[in-house]
Amino acid sequence: MYKRILLTGAAGLLGQYLRPELHKRWPIRSCDMRPIDKPLPGEEVATCDLADREAIFKAVEGCDAVLHFGAISIEGTFDQILQANINGTYNVFEGARRAGTKRVIFASSNHAIGYYPRESHIDSDAQPRPDTYYGVSKSFGESLGSMYWSKYGIEHASLRIGSCREEPVDRRGLSTWLSFRDLHQMIVRCLEAQRLGYAIMYGQSNNTRAWWDNSKVAHLGFQPQDNAEKFAPALLKDAKLENPEDPAVKYMGGVFCTDNPPKWPTN
Amino acid sequence: MYKRILLTGAAGLLGQYLRPELHKRWPIRSCDMRPIDKPLPGEEVATCDLADREAIFKAVEGCDAVLHFGAISIEGTFDQILQANINGTYNVFEGARRAGTKRVIFASSNHAIGYYPRESHIDSDAQPRPDTYYGVSKSFGESLGSMYWSKYGIEHASLRIGSCREEPVDRRGLSTWLSFRDLHQMIVRCLEAQRLGYAIMYGQSNNTRAWWDNSKVAHLGFQPQDNAEKFAPALLKDAKLENPEDPAVKYMGGVFCTDNPPKWPTN
Amino acid sequence: MYKRILLTGAAGLLGQYLRPELHKRWPIRSCDMRPIDKPLPGEEVATCDLADREAIFKAVEGCDAVLHFGAISIEGTFDQILQANINGTYNVFEGARRAGTKRVIFASSNHAIGYYPRESHIDSDAQPRPDTYYGVSKSFGESLGSMYWSKYGIEHASLRIGSCREEPVDRRGLSTWLSFRDLHQMIVRCLEAQRLGYAIMYGQSNNTRAWWDNSKVAHLGFQPQDNAEKFAPALLKDAKLENPEDPAVKYMGGVFCTDNPPKWPTN
Amino acid sequence: MYKRILLTGAAGLLGQYLRPELHKRWPIRSCDMRPIDKPLPGEEVATCDLADREAIFKAVEGCDAVLHFGAISIEGTFDQILQANINGTYNVFEGARRAGTKRVIFASSNHAIGYYPRESHIDSDAQPRPDTYYGVSKSFGESLGSMYWSKYGIEHASLRIGSCREEPVDRRGLSTWLSFRDLHQMIVRCLEAQRLGYAIMYGQSNNTRAWWDNSKVAHLGFQPQDNAEKFAPALLKDAKLENPEDPAVKYMGGVFCTDNPPKWPTN
Amino acid sequence: MYKRILLTGAAGLLGQYLRPELHKRWPIRSCDMRPIDKPLPGEEVATCDLADREAIFKAVEGCDAVLHFGAISIEGTFDQILQANINGTYNVFEGARRAGTKRVIFASSNHAIGYYPRESHIDSDAQPRPDTYYGVSKSFGESLGSMYWSKYGIEHASLRIGSCREEPVDRRGLSTWLSFRDLHQMIVRCLEAQRLGYAIMYGQSNNTRAWWDNSKVAHLGFQPQDNAEKFAPALLKDAKLENPEDPAVKYMGGVFCTDNPPKWPTN
Amino acid sequence: MYKRILLTGAAGLLGQYLRPELHKRWPIRSCDMRPIDKPLPGEEVATCDLADREAIFKAVEGCDAVLHFGAISIEGTFDQILQANINGTYNVFEGARRAGTKRVIFASSNHAIGYYPRESHIDSDAQPRPDTYYGVSKSFGESLGSMYWSKYGIEHASLRIGSCREEPVDRRGLSTWLSFRDLHQMIVRCLEAQRLGYAIMYGQSNNTRAWWDNSKVAHLGFQPQDNAEKFAPALLKDAKLENPEDPAVKYMGGVFCTDNPPKWPTN
């Protein structure tokens, strides 16, 4: 179905996992400002900064799909976020339009809706409630993707990813964890769909204590295979009663909803 | 629970499958204009045209439930549809009322809601959006069944059947397929329910990429066992990117939403 | 905007009111099986039965809008309804398609949703719950209109008219009354709309005790001027407590929900 | 997480099952007006009437969670209900507030919503529709718990328990059954939750024909393991068609919706 | 329509206003524990305590409608509330059932839903969120009324009254004010309705800044004539910016949501 | 209530109207990059570019409310939009946070939801569907305002303004027009509200053919006084039937949904 797929953020944690998995099906071009270790046979490499418009336009050329995973992935100063996540995401979408790309999959984040209380039971129609500049930039990307779909017919999915890593690391992760292979399945489902249109999907594994309702995108067929619950005994062993009004406990975004979210280095 | 059940369309594809399955539990009377090959022991046969009012009234006599599966099952001229599907369905419901029948299960169709975009996530409360005269006639039958329930207390289920056949035959079928045994389960659940009332249920197997939401009829306990996904590798092998605005791709009804739906022979 | 508008049922109660009102703005062609008394200057007349397909096709030719108000307007035998309301409505829509008509306004009825309890607070998305064959035929017309819009782009409004007459005549009418001039306004709004698309609208005046929620078609700008409440003192003067479970009291359709609805003459 | 949990109704059917299960994780204090047979090692016992305010206040002291399962559990005279279920529940909540208790789990009942028709598909936001004084008292307890959460921050879950017993005993039980171990899981999930807040949850096993929708409390992770369906063959063996308008068949509350609900002894 | 209507709380602020207004249409029997000053010609008087069951049963006899306005109308001790509002309301409903009364109108209160944030936009389906024992008792009365309607067919309206007095007295009153004549209209609409069934209605005038949505009871035709806005200039003259997280500002119940609601005298 | 209010975009069309109106109630500081003609007595002036962070921070100092109306107000290049509308809006919100400002009113736009079909009947919970980079930037501002409310407690309203000018100029304007005095009322309501919290409100006059549903912000009391309908005869005089699938006719954003939206000059 695809002759070449661009993956931005290819040198990041998720990108490194995705590269070989995706490349088994469709040739990929890996893009990052960091070098790509040991490219796979047939893998193309584009080394450039998301904020470098011309370089990004060039990287998208010849690709009929884009997986846009490059970004500052925690809180930053507004100027950091403005360059990498806002300007950078424009560069990717506009590059896709110029290149005639058919589909763009965007790594959005649960932090675009971080300020919903955990019991809210939200679905794909939930309005943005970002918890950081980072979260605002993800909401911006969803919004920009909506415009490119409506105006130019570029099919689009925004994946509101929870906590994508090897294993969940705290109680919150029992709800928000997304395993690598479930992330991969989400992407494949979006690429394979006969009609993708415009979709907002939550990136969570089949967790017993999951928060997010993907029923409005059920037609895409994402059926996660992993479940954070197997880590529950270890994670709950020393759990204590917590203050239900503590923002890190009350809201979906966890510690991002406090005054002290994890921060990108400035230099 | 039932001393005799009338099955119309008994010689059709679905009818042929259902006859022996149903007859194991409850005596059936098989009705079709075509001959019934090799009736089962104890099976009664009524050979008549749906448009023949007196014959249909007679066929329903003595039956405490009716499964109305007889119809022109693809697009026809309006006059064909008017006789077989509209007049014929009236004949069945009115016959049931006269005979004191308690429940009528009606084979409606996804083509009664064919013009919803595939991402609509519709449930039992979705208004009609038929894609053909055929679809309009199915919507008519649902509506007529509603009246017979409200006015005369005849319990009723309309099954909006997807693609009921041995195997799915195209990408769309990955979502719409209904296996024969899942069809059978749907019918049994409706017949067995302590209270059926009035129900609209989607006829789809437990497909990974299913479109329709049966949660409003969850109390009836339909839990399909088959999944079209096992046919996915074969069906997707040569799949291409398609135009998301092509009516056959955009809407639930598929090719019925184009100018060229499959057509019933005229002679 | 319109060079000629066809009005079916032009000799009926509503048609007689509408003819001169509409003709002030746009030339009309009045169609009925009964003769049209004293045609207006410039008014064209087409005398024919709704069930006469060729005659109806001919009547629609040259019209860029159709107001389809012809029908059996109370309960009839199924065969009466089948000919006049089901076959007849097909003839009108199909005639419109062949003639290149742009908009069809259909006089549907509250009896298409007559079996909702009065406190239901339903809107344009309410599923059919017809109370008679008459009501079923109106639901059929809405469904057919949906198909002609989706497939052929003919813009369409179905007006679920309450009780359209000079004055309300009973307690129920305090809720269901539609004055003639408010009916006229509804039609004008539908004809004038920059985009009509597909709309289901309830035909009720600005009644203090109105049941139906037109908010989903608020963009069309129907703002009724009359209110049945001015007749309340007379209509409630001798009112008694009634049985809340009596179908004529419980349901929107009133006496149509009983075993004894008003009936069309057979001969 | 808890240094001591109070269980009221500890000598009842559910209490007897729960005592050893809970005590494995957290020390319990068992409270009932009936004697507790063979207390477990480390189990504390408080023998008192729910209507005895001072005794209940004393029983709650030192407990950081309360499971309030004590009540008249079928229909009673209003005065019986007023003392045991209304006054008694106040005593428990007010005792909890005075003792600084963090969480109260309340055994509510499906009879708080017994008058919904079975096809209603209700969820945690369903308004009370009680079927008896008993049901009214359960609705009272939910409402009181809401106030203690909003005003005093006591986290709270009301469990609308279906039919909790060894096995389902009738057709209705195929939908309403809650196995003992699934009840236990519900309670554990509520106690373990990082943030419980205020939750209304339906107490039903993973029944094929379940009626109630727990999706709004899905974040708590209750995933029942049992299914009443295994009892279906036996329970349906001699099933007959029933009258769909019989209150015991039409409504969720079953026989509680008739004039003859099971009654508490008066003496 | 009514031969006699019982009004409880007849000597209270609202009762005093209502007595002469109602008596113009239908003979009333005024009930209060306080004496009724100067009974009107034809007005009957029943002096008794709401907690006196036999006296209340006797007071209801011969009345085909009851307006139950008697209650402790601010916060009390639980025991005060239990007797006057909970036991007392049971006495009224049970008396009505025994007397064959057809309709009961219950003065509920906005304090039954006091803990909704002001921007919640709630309607008749809002679940209880009481702010005091007083509010809990009003939720209890609504729930009890629901049971008497479902089980015994007594038609019922619960009026969630805002701030019913001569004039609004604070900023909150710009939203919650209910004028006396609008209260009277609400009651008349409920008594006059052809079918009342079970209704929950918010008691607010046509206030510019109203919070509550009565659209689900629009069929009853309550159209308030007064508007608190005319008092806005005076009430806002010295208004200051307030803390949006102060419970008295954040929630609908105002000062009832704080630790210091107005309290009924104890003696 | 306010000692000083900052108005950005003070020299623009809306700003010029608002300056004297607002200044009657509360002292204003007018900010624009263009000069302010004839400042009013007591009016402060701050001349600076929105993209100049330090200047904006300084302009906000000492203001307890901000009306942020400065922006590129039609389509621009992405870089123009990035500086003026994205970076500029950050500067205003962050300045407000640093200055301890209590409320920020943001001039958002209907172009943030321009791609909804006109019949969608959307309300304050509608997700972004922007039609231009301009629309994306307005969605960004709403999202940023949500974060500043959730994290820092700055109360916020985003006004999705339709067509704010002297008079409507085309058919679309019959729905989208907002008169200057209605704009002024919206702002005053937001400033006066006892609790504003976070609100999204549509900026349209009381137009007969209005599209947007402000019911979720009804508590704020915006009741527009003007109605575009008085311009209907002139605007509809030569109206023609239009193509319902033309993006400028189908979608709310009108010509902004085509390839040729009005564009900001580049130089």
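For the reader, a short list of remarks on this structure follows.
We call the chains A, B, C, D, E and F, going by the order they appear; numbering starts again at 1 in every chain.
Here is the rule we go by: contacts are C-beta pairs under 8 Å (C-beta built on N, C-alpha and C of every residue); 3 or more make two chains touch, one makes a residue touch a chain.
Keep in mind the model is a prediction, meaning the values are calculated, not measured.
Touching subunit C and subunit F together: E. The interface of C-F is repeated, with over half of its contact pairs matching by residue number, by C-E among D-E, A-F or C-E.
The best fit of Cα atoms from subunit E onto subunit F calls for a rotation angle of 120°, in steps of 5. The distance from the centre of subunit A to the centre of subunit B, each centre being the mean of the chain's C-alpha atoms, comes to 41 Å. Remark: subunit A and subunit E have CA centroids separated by 52 Å (rounded to whole angstrom).
Of all possible chain pairs, those that touch are A-B, A-D, A-F, B-C, B-D, C-E, C-F, D-E, E-F. Against subunit A, the residues of subunit D that register as touching in their complex are 1-2, 64, 102-103, 153, 155, 192, 194-197, 199, 215-221, 223. In the complex of the two chains, the subunit E residues touching subunit D come out as 78, 82, 86-87, 90, 94, 115, 125-133, 135-136, 139-140, 142-144, 146-147, 150-151, 257, 259. Residues 117-119, 121, 171-172, 174-175, 207-211, 213, 229, 236, 239-242, 244-245, 249-250 of subunit C are the ones touching subunit E in the complex.
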